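In the two assemblies presented below, chain A is common to both, partnered first by chain B and then by chain C.
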Partner chain A sequence: MPSADVAVIGAGLAGLLTAVRLAEDGARVVVLSEGNGTLHWAGGPIDLGFAPRASDAADAVRGLARRRGHPYALLGVDVAPALDWFLQLTTDLGLPHAGSLDGGFGPLPTGIGGVRPVSVVPAAQAAALEPWAPGERLVIAGQAGFKDFWPRAVASSLARPEVWGGFSRPARVTAVTVEWPGLHERRNLNALRIAEAFDNPDWRTAALDITARAVASTGPGPVRVGLPAVLGLRDHPRALDAAEERLGAPVMEFPLVPPGIPGIRLHDVLRAKLRARGGRLLLGERVARVETTRRKVTAVATTAATRELVTHVGALVLATGGIAGSGLIGEPSGVIRETVLGLPVEGPPIESWLSGDPLDPGSLPIAAAGLRTDDTLRPVDPGRPTDGPLFDNVRVVGALLAGQQWMVERCGDGVSLASAWRAAASLSGAAPKRRATPRRAEAVR
Partner chain B sequence: MTFAGTAAASTLDPTVVWDALVIGGGATGAGLLRDLARRGMRTLLVDRSDLGTGTSGRYHGLLHSGGRYVARDQSAARECIVENRIVRRIAPFAVEDTGGYFVTTPDDPDDYADAFPGLCAASDVDCQEVDVAEVLRRNPTLNPRIRRAFAVPDAAVEPWALIEGNVADAAALGSAALPYHKVVGFDRSGERLLAAKVVDVRSGTEYRVMAGQMVSAAGAWGGQIAAMAGAKLTMAPGKGTMLVFNQRMTDAVINRCHKPGDGDIMVPVGTVAILGTTDIHVADPDDWQITRSEVDELLDEGEKLFPHLRRMRLLRAYGGVRPLYDPNEAGTESREVTRAHVVLDHAARDGISNFTSIVGGKLTTFRLMAQDTADVVARKAGVTARATTAQEPVPDPHGGAKARYHWLGGRLAAHEAEGGGDAGLLCECELVTRSMLEEVLERRWPCSLDDVRRLTRLGMGPCQGGFCTFRAAGAVADHAALVTNDPVAIGDMAEQAMADFIRERQRGTQPIAHGRQLQEAVVTAGFQWGTLGLDSLVGTDARSDAQR
Partner chain C sequence: MTIASVVEEAAHEAVGLSSDECLKCNICNEVCPVARVDDRFPGPKYVGPQAQRFRLAAPVPINLDGKPVLTPDRTVDWCSGCGWCTTACPAGVKIAEVNSRARASIRAGHRPRLRDWLISQTDLIGRFGAPFTPLANWTLHNRLFRALIELVLGIHRKAPLPLYAGRSFRSRFKRRGGLVGRAGEAALPPPDRAVVYFHGCAANYYEQHVADAAIAVLERNGFQVIAPPQECCGLPMISNGLYQGARTKARRNIDVLAEYARLGYRIVGTSTSCTHTLKAEYAEMLDVDDADARAVSQATWDICEFLLDLHEQGRLDTGFGRVDQDLPYHAPCQLRSHGIGLPALDLFALVPGLRAVDMDHDCCGIAGTYGLKKEKYDTAMRVGDDLFRRIEASGAPESACDSETCRWQIATATGRPSKHPVEYLAAAYAAADAVGGAAGTSAGAAH
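Our next item is the complex of A and B:
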């Protein structure tokens, strides 16, 4: 019978970071996830918080921390140490990030020709944090026929100053369409396919030669090159280096509609780190039931395709996400159900789950639904928060925490980081210290 | 793949006198355009919006066998089955021959089922009792407790293809259709309407269209057109609400075998299935707001046919307004108002010699409605030619040389025949390719993505445009670059296309957002706003538009 000190349900950023942090501390950790996790939808930036008048992410975090009921009211103080750890961790894993809490925001253009504020980004987007020099141009290069990146549309949109908000912007935006080798066939011309092609050193040399010639044809002077976020999957760091070297210019990967290659890269290195520390990540595991005694979870039963797996646990971390991640389901009756333990949920009434204009991100009040916790992230009843935790050995992290309008506040990754940091700290205190152990054979079968 | 017969505004030469002007570009108007054209009358059709955006584009997609009317309205049932056979013959490309069943659920009375075959026979509706086990085997999500089942020739019909084919037939004879041209008034001299004042709603330019005969096929909006002409006409619009599910839980039309009511029919349409309907009298035909309680009531009824309905994913709710007309003009309850159509000759009623309205009716009988109207219009114009619309095939706008029914796998087969693969697919849900989109943009420019949707089904599948909107906007930018070099103008056009389409596709989700579809809404908004920075594109404009 498999067992773990801690089982983490959910393989998004919050779940993986909690698991890695606990594994670093010597705990036996298993991550059980029904799907691949939301990092597969992520475009690269680590969103810590944003507000139109905030001077930097630290300022935005402080502003949100003053808001009653926001996760940062509890966790705001942990954002800085959690970020320090994350930056070191990703550097060690070969996927370094740039930016900081107090370095201000920069404008990152996107694959639909929009611009989003960023404060911490992977190296392939670091140029977004540097102000544009006078005369510096943006050249957008994309593969002909790639349906998720239309160079002309992106460049035309970015030619409009108002799209850049108040940010510094390029002197001119130009589009070039390129034919990377062997991609003109009809099948599977998607971001994943192109990213895998960039993992091949010979192919990418040829592709970058073509790109460099196209960029050079746009004229002299300093440029940055905007590319769809497809610069390699497993060999991304070398692909990025090769691109900047061959193009002789800073490169910016524009986020695309999912799948998000930058997010998949992060997922992959975190999973590798977890495994290196003896942790396990089991995909396709839907929680069927949870065994409890009094105020403790003792085991989690998951179902995959052919059998039920019962994992005995010392503690449980709910990293299942909110509505988007399936951690919560809005029932037709108006009840918002927490899907693992059936915990009481705080959220808006059904008539205001969605309201107003779909083009206004504030029109999704349901996004703020979630669980209330005590200060060690143990779930409490939102109606009777002073009654104490409903389970002593359960922690709640990430988007499942109530009170965040993450689409507007751009705080989702910061909440994931800080809550992973807090949950791991409180569980490390409780779990027995031991050396990492290799994974056990019976657990993976 | 376009409304081949739609004309540019240059058609509006002010010196031209048309033989007839048809107001309203639904199925009836398009059918009327075709019928008059075939009788030798050069006719112009105008619609305030795109063709097929009113009731014809907002119904459940059923080509009636007549079975729903056999108990209450035998003449309507007879008209339905006759026209059903005609539409199948003249426009098979618009019909998916799903067949239909009337099934007796535990909530339906035995005596209705006992009488049903006889009633069908009396109205000449083909009906055959079939083995319940076999129906359940073919439709495993159906209520296993149904007791009886009757097969009828119900079918699904695609309104836009039908409209397009009718317009194309008329255009080949010198007639034309102008979308986005709204009638705002008439010039009248004594008993005659001399010209219609028509505004190009996209440019704001006003034109005068002279025509010998003026015909209102404006359906639920007929009262408004009549008022402009100085005639009195009181419509009794009945709103029907429909729910779209993300999959075809049945491959045949399923009706409950009872006195027709709310939520008792499921129609497989394209890749989805549509549960219909409600029937609520509304004062304003543009009012089709839908509440959660309406959705709940529909689901309660629908569960009697499909017990697991609430566990299936709902994509959207939409409403259409029936062009009902109460001959007494007395305000009768909607379900009780006749579905029959009436041709109103305003010469006799209102002293306007060259003005005619067609009111009431249903899509299945659009051709007959057009023929009955054209008989009156032609007589008034002194034209003696007879209708030929029941005999002559409608041209297939999708270019199929061989007459055959539309089938669900047809588009995939065509795509595979051209080499297949996913590279060219901009809308994976509905298999809309880059070349299909480019072709429509070329022929219909300037046009919205919603116009493109009606001609291609872009964005009508499970993701409701979540992904393909941006691809289509990319194609719009490439197309716009053919007409302007100004990147700002190109950016603005692509953004407008994007914003309008997102708003249009999300319009019907609010009252049905729960479960997986609520999740879809949050996930989609999450990557559109969070990852892609949609707010930098549509932020303030979008919000002020919504407040209008």
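Our next item is the complex of A and C:
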């Protein structure tokens, strides 16, 4: 029924993780989202933090935690337990991830021929964390005519040592273009359609054998095979196993432009987990209005065809994202507006929303705009933080938190994990030890 | 159609301009049930927000024949109109509505294909078929005739068609003394003790048991039912791009319903696609958006939405008897477009013994009249394939769904009945009565 212990606004990584964590603790949770969240654009890596001189992600997190006003100043200590939970959860859900906070960074090549430093990745990208052995080659294979992945172009970029940014790199990079069965006659070939094809065991065996022959033709010696991130959607774990077995080499899925198949896989398993715990995810629900009493949100009204859908709530989690997720809107007047509750936003003045080179992610001071919170993630007025929370039963998670330059600091997923962990713990009443208490029987839905 | 009217129609509409919000992120293509199974449809992004740039260009591009180019891509006709793209868009682009309007622009000024015209005339078909029920049912389910119909008209021989129920619901309702007039024609119960019932074509001609169940449930909760004169809501015409005819339907329905709405009566429908049309599509698709239309929109409720609202106010009679069964439930696309959550599931949870399971499938494929068409039948069946297989695998003897064409599609494909949620509520009330009075009645229902 349209009432919930907790309503989470937003279905990105932070929102879904908060919802799952609360549902695990027996809360009745509804996730209300305007549409599918930013996870559908995600390429796989779980970015916890990065700095050129950091030895590992833990070091990067510590560095960011020392920055005044950074979310990690508050949440840095939660990254490790939240990550442990996430790794266990995704393993249980059949989508295991590799890597750790203190295992160092590895270079993951991308579908446009760049390299990104990663510390935690889905199993299909785990090979990126292993140093390249002497003589080990990278063979990049892709479907002819698939417009989101051009093996030769990617290889010619990755053949340049400087692209690897000082990381261990392959001895040689080669490209092979293959014809997977039946795809050349298909129109509108996109990553999703190829991923669905890889869900079919017979088709993928044939496709992988074709790929194996093409890889073998590049010569002898140890190789890793780089493929576009399309190795199955619903049957991904088995598609990945089949790929490594048929190719006889470690496989690496390169992130592509959206739709992000690795992100959709993660979204799907988290959503399934939420549903199994009696939670609900409703799409097409833009928040129109929030009902409040003094310092408490009592109901959320979302847009509908005619009258609003009113959900009575015990607590509200804002997981609406920053500018990209439309949790914040920069008005032409220079006001940065928080879209659900109209909470006061900390952010730069309009003259310095953008600075310098527009293509440099470091030139977007507005990316750091967001909400200030107390240590349980309740929103406060950034001008008067000591006045206490503006709402007692609201929590802020993810990219909506002020002070992060996630594109430069590569901390976005870590902030999502740690804030989901913190918010869920504070809404569950107490600390993680509550996990031991008996859970409410699963709702029959 | 003049160039000026094309610009007028396309450029000055909020729906068309919502394309400006498109980030080109592909989420709509990702969720599109048709693109999932059929490459002939390039996906909602390409025919919607992307093609919209060309439609919005001013002056309108002219082709070599001197005619305005309305759309760069006629593949928009492969859109089934399910609306998932709009539901999943994180940026608020009205993709399905853009596509529907584009299809209507293509059709405008052309004589419609006979088949498309015919399957859009649902009340006409109902009215002419009902008196000949045995013959009509025999014809429409005879393999030879269906082959002939496919050959002549292009309606697929295996496409799900309903059975006529004989005398219409309206005439039966009138005969038993039901209120069937316009507002002011007869003395009416006050608006808090009565609702206007929009039965739609399905409950009128084919599924009168749905109307009966709705009336039983509404009366049980203290609401007398008024069934004023009404026509097809116009959705089949909208889906087939026949906007002029749909506007006529809209106007006639609004004329009658607005009088009731202004008196404070709520309009409750058992067809979730009809109620969505009254609520949203008259304005978003047809530009029928005056004060009367808005009054009707505001007064309209899907029946499960209405009953759940009663429950929230503590006014629903929850004295449901036991209905012991597993029930796979499919939430139809049109219900999702309402944005009202999944009220049927919340109501099922109040019925002891009823174990409803959300099938969590995007679309059954039929999309109103889409899956009836010879050239689209296979596509529609592939869209719903996973749903059908899971309903079959559940072993449940029947399934539930809020929309009639979906029910016919699911029932035909799974070989087992598909029922409206309100039928289970009526059965649960009947079960309570059968075990001796309303044991466990709660929450002060208005009897």
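The definition used in the following text is that the second predicted complex is superposed on the first by the 423 of 445 C-alpha atoms of A that agree within 3 Å, B and C clash if a C-alpha of one lies under 4 Å from a C-alpha of the other, contacts with A are read in each partner's own complex, and residues count from 1 in each chain.
Please note the rule applied: a contact is a pair of C-beta atoms (placed from the backbone, for glycine too) under 8 Å apart; a residue touches a chain by one contact, two chains touch by 3 or more.
If you're wondering where the values come from, they're calculated on a predicted model, not measured in any experiment.
Asks: Should A:Gly99 be classified as contacting the first partner (chain B), the second (chain C), both, or neither?
Replies: Neither partner.
Asks: State whether A:Gly279 touches chain B only (first), chain C only (second), both chains, or neither.
Replies: neither
Asks: Touch check for A:Gly398: first (chain B), second (chain C), both, or neither?
Replies: Neither: A:Gly398 stays clear of chain B and chain C.
Asks: Which partner does A:Met407 contact after superposing on A: first (chain B), second (chain C), both, neither?
Replies: A:Met407 sits against chain B, while chain C stays out of touch.
Asks: Is it chain B or chain C that touches the larger share of residues in chain A?
Replies: Of chain B and chain C, more residues of chain A lie in contact with B.
Asks: Applying the touch criterion given at the start, work out whether A:Glu331 contacts chain B, chain C, both or neither, answering first, second, both or neither.
Replies: Only chain B is touched by A:Glu331; chain C is not.
Asks: Please indicate which partner A:Leu309 is in contact with in the superposed arrangement: first for chain B, second for chain C, both, or neither.
Replies: The answer is second: A:Leu309 touches chain C but not chain B.
Asks: Look at A:Gly49 in the shared chain and tell me whether it touches chain B only, chain C only, both, or neither; answer first, second, both or neither.
Replies: Neither partner.
Asks: For A:Thr110, using the defined touch cut-off, is the partner it touches chain B, chain C, both, or neither? Pick first, second, both or neither.
Replies: In the superposition, A:Thr110 contacts chain B only.
Asks: Regarding the shared-chain residue A:Pro259, is it in contact with chain B (first), chain C (second), both, or neither?
Replies: A:Pro259 sits against chain C, while chain B stays out of touch.
Asks: Where on chain A do the contacts with chain B and the contacts with chain C coincide?
Replies: 41, 186-188, 190, 258, 326
Asks: Could you please specify the touching residues of chain C with respect to chain A in the complex?
Replies: Touch list, chain C to chain A: 25-27, 29-31, 35-36, 39-40, 42-43, 46, 86-92, 276, 279-280, 297-298, 300, 308, 311-312, 336-342, 345-346, 349, 355-358, 360.
Asks: Touching residues of chain A toward chain B in the complex: what are they?
Replies: Residue list for chain A touching chain B: 41-43, 47, 108, 110-116, 145, 147-150, 152-153, 155-160, 163-165, 173, 185-190, 255, 257-258, 260, 322-324, 326, 329-332, 350-351, 353-361, 364, 366-367, 406-408, 410, 412.
Asks: Considering the complex alone, what residue numbers of chain A touch chain C?
Replies: Residue list for chain A touching chain C: 1-3, 33-38, 40-41, 186-188, 190, 192-193, 196, 258-259, 264, 275, 280, 282-286, 302-307, 309, 325-326, 443-445.
Asks: Where on chain B is chain A touching in the complex?
Replies: 292, 296, 299, 310, 419-426, 434, 467, 470-471, 473-478, 480-481, 487-488, 490-492, 494-495, 498-499, 502-503, 506-507, 509-510, 513-515, 518-519, 521-523, 525-527, 529-538, 542-543, 545-546
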